[in-house]
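Two complexes come next, and they have one chain in common, chain A, joined by chain B in the first and chain C in the second.
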Partner chain A sequence: MLHTLRMIRIGWILQLKTMARSGFDVMQAVVTPIVYASIAFFLYRRGGGAETLLWVSLGAAFMGLWASTLWGAGNTIQRQRSQQTLEFTIASPTPFLVSLIGTSLASSTVGLYSLVATLAWGRLLFGVPLELAHPFLFALSLPAAVLSLGLLGIVMAAMLILYRYAYALANMLEYPIWLAAGLLAPIALLPDWVHPISYALAPTWGARAVRESVLGGSPLFAIGMCLALAAVYLVIGYFFVRNFEQLARKRATLALS
Partner chain B sequence: MNGARVFVVGGVLSYRALFGWMQPVVYVPTMLGGPLFQILFFAYIGRASGVESDAFFVVGNAIQVTAMAGVFGVAMTVGGERWTQTLSLVLVSPANRFALFLGRALPLIVNGAILSAFGFVVGIAFLDFELAPSVLPALAACVLVTTASCTAFGFIIGSIGLYAREIFVAANLAYIGLLLFCGVNVPLDELPAWMRAISEVLPLTHGVQAARLVADGGTLGSVDGLIVHEAAIGVGYALAAYFLFRAFEAAGRRNATFDNY
Partner chain C sequence: MNVVEAIDLRRTYKTTTGTIRRRSLEVEAVRGVSFSIAEGELFGLLGPNGASKTTTIKMLITLLIPTSGEARVLGHDVVKDARWVRQRIGYVFGGDRGLYERLSALDNLRYFAELYGVEPRKQKPRIQELLDLVGLAGREKERVEGYSRGMRQRLHIARGLLHDPPVVFLDEPTIGVDPVGARELRATIASLTASGKTVLLTTHYMFEADALCDRIAVIADGQIVAQGTPQELKAGVADESVVEVEVFGVEEASVERVKALEGVRAVTIEEREQKQLLIVQTAPGLELTHAILSQLNGTSVGRVSSREPTLEDAYVQLVTAV
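And then the complex of A and B:
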């Protein structure tokens, strides 16, 4: 158990360092959320009050969190492929899932910066107030959201083990998840058939938990959903990684980039 | 004559090479899935915020996605040469630079127009948006001129790729910058004056305005000023890109940076 936790910690630190060295990763974390937040502020400030703008600000912050998770998930395995280290990582005695947990959690951790940057951007440039209705629950909802998003990232990353073009699908999933999770437009506006998809997504519950702890409400249920979904993603990720890894070994496609 | 050959053969080969790795399994989610969900995302924000109609967001984003081909396509054309370590071979050749890079631009403009057409189809299929058949020729003109000016703008980014390695950082910044500044999703009168001033010299701004008027039933004659303005901006960026290419090519030779990747 201690060995596993140590490996997760090392993977987390290494991935954080790698992302900090990549110009694209830094830009993705620093600039992208601010641009989308600005578009949202310009659109909503015409008709919305302070509370609406704060709702928007928190949604935009989660957009950055999801973008970072998705990019990290899509890029980690691609990067290992191009650097020809994927086979070594998978062949090592440490389960590959453990390695993926560390890197995926690091990507969502970087996304936390988006949250801070977006809220600060909203406060400084658009005068969006930031008063926490439940500070303690806010502190609880953030790690729960990061955990659930990070583990959802593992499910995405697992597909890349087998399908080397899955990164294209991962790149495409930014907008649909932002939309389905109700980050800038309420889920109620979406067609009914989208709602079950929305409720199966970590960003939906993560954003709800954070919004209810900031704006007021009962975030405990949403926090619980984040943790429950995290457990489900971990189980799915475990089976995906195990099966896709075996298939990729059989087909000898691991090193193909 | 040799310039024409470089233009045609170089362009075709470059585009085929681009699709050597961009198979349908990559093209469909990246080039079609991206625009599809971008349009839906902003249209639903528009509905939630009560700002503007679906048509505003469909036209704005269907035109803006041409930048995906223009900006990212050019970045990939130059960046791809660097990754495959053929950039120095291309640049050591005596080929006319203007023909060389214009050849690479033309297929990207066609690709951008296809993406834009797909964007309008998405709007008609999934949102509250209609287009009268009579406006299609004028709309096509708006799309082609805007795509060309976006591609010219993309060559400014591409020229940076001759010197710097992280070209996709610049391409991504340019793409989302156009999304914010050019009145694609935010009406121009909602933007601060300094942002409106910047939007005046960026590609897309006038093309999007023209396309919105045309989609609303306007004729090509009623938007000719906007189209000419958009074309002039494109020509300006094309000239600037050409000189930047030459400058960065010289700097790349001097500092031996072509093979860095």
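And then the complex of A and C:
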């Protein structure tokens, strides 16, 4: 257990270091949330009051957080494959899932910046007020959201172990999840058949937990759902990684050639 | 005791051709490879590019599942007991990839030390020991992306030895490394067996195999074509002789005529700047120099010499016979 925690910690630190050393990664992490926040504000500033704008800005923050998770999941495996570290990591005695947890959580952690940037941008340019209804629960909802998004990232990264070009599919998931998770518009506006999908997604509950912590409400249920989904994603991730790794060894898709 | 055993290993790849009309193809890369390596032995797997040396080694290190056959390391099946095997083997691939480019050598080693379960209190001294061994001490805080090929290769060796494995797989570890660096690497490889490790080395450099290996298996087209000590393999061609002819712009037709001569066992051409060296292996007791030269009429010929066969000649004959 201690080894697993150490492994997650070092994976998290080194992934953050790797991302911080790429100008492109840094620029993307800095600019993307600001762009998303601006789009959301321009869409809603005419029709909505201060509370609506805050609701939208928190949704925009989760758009950035989700983008970061998705980018991290897709890019980590793809980069490891292209620099041929994927084989070395998989052929080590540590289960690949453990090393994946650290790197995936690092991407979600970077996504946290998008929350800060979106709220700061909204405050500075659009005068969106920021008062926390439940500061303590807000502090609790953030790590719960990061954890559940990070572990959802693992489920997607697992597919990339087997399918060399699955990152294209992962990238396609960015916009539909914004809608399904109710980041820009309430889930109630979506057709009924979308609701089960929405409720299975970490961004839905993460955004709800943070929104209810800031705007008022009972965020505890949403926080609990984040943690429950994180556990479910971990179990799914475990089976995906184990089976896809086995299949990749059978089909010889770990290396590029 | 056999530390590594490969028993009739086979590996087939599925591939497709065409864009619209796709056709599935099955390529049999490894075709019934068997060998065993004793404890403390340095065993060479020798073969040309595409002979399936890497595919064979990837099956032994648990990265590929064999299509059929068995492979055991320290008595454990590499498919059923993959995790057990992984804890006890180290492997080093040739080339300049396989490292986290944006991280320092130290970070790379720290990460792999954790992956291989090296105890935290032992990590620091072990990493320092290996940095000293491979000559990277003092450069460990630099990012790997700024490393030369030789430095990367030495870092690969340090990475492969972090957990002090009893069995080490080295896949063309000196490829692309400059002569001085390659010599240092060979000294490091030799020191591994001196410290009691069992080593499987793949290479296509004959002198490297000759200098380092206790035994060699020659692999060509996915099959083992010969096995033995370097001396035994050389003995297979000991009674032959080799004629070397310097030629300038030799044509393929002339080479084919030389190959067709009775008593010629193998013909190879080495490019040497503006000229080529035609190396002809001939059957024992035959003097074919004149016959060879007569087949080269029209080609400018330089120095002609004959010599005793080497391990390389034995290898060439074995792989060209497949």
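Keep this in mind: the second predicted complex is superposed on the first by the 256 of 257 C-alpha atoms of A that agree within 3 Å, B and C clash if a C-alpha of one lies under 4 Å from a C-alpha of the other, contacts with A are read in each partner's own complex, and residues count from 1 in each chain.
Operating definition for what follows: contacts are C-beta pairs under 8 Å (C-beta built on N, C-alpha and C of every residue); 3 or more make two chains touch, one makes a residue touch a chain.
All values reported here derive from a predicted model rather than from experimental measurement.
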Overlay on chain A: chain C relative to chain B, clash or fit: fit
Partner chain(s) touched by A:31 [first = chain B, second = chain C, both, neither]: first
Vertex chain A, arms to chain B and chain C (CA centres, degrees, nearest 10): 80
Touching partner for A:233 - first (chain B), second (chain C), both, neither: neither
Partner chain(s) touched by A:43 [first = chain B, second = chain C, both, neither]: first
Touching partner for A:184 - first (chain B), second (chain C), both, neither: first
First, second, both or neither for A:23, with chain B first and chain C second: first
Which superposed partner A:14 touches (first chain B, second chain C, both, neither): second
Chain B versus chain C as contact partner of A:92, first or second or both or neither: second
Partner chain(s) touched by A:172 [first = chain B, second = chain C, both, neither]: first
Distance of closest approach, chain C and chain B, by C-alpha atoms in Å: 9
Footprint of chain C on chain A - complex, ascending: 3, 6-7, 10-11, 14, 17-18, 21-22, 83-85, 87-94, 99, 246, 249-252, 254
Parts of chain B lying in touch with chain A, wherever the complex brings them together: 23, 25-26, 29-30, 33-34, 37-38, 40-41, 44-51, 166, 168-169, 172-173, 176-177, 179-180, 185-186, 190-191
Interfacial residue positions of chain A with respect to chain B in the complex: 23-24, 27-28, 31-32, 35-36, 38-40, 42-44, 46-48, 165, 168-169, 171-172, 174-176, 178-179, 184-186, 189-190
Of chain C, residues touching chain A in the complex: 13-14, 58, 61-65, 83, 86-87, 91, 93, 95, 97-103, 107, 110-112, 114-117, 120, 143, 159
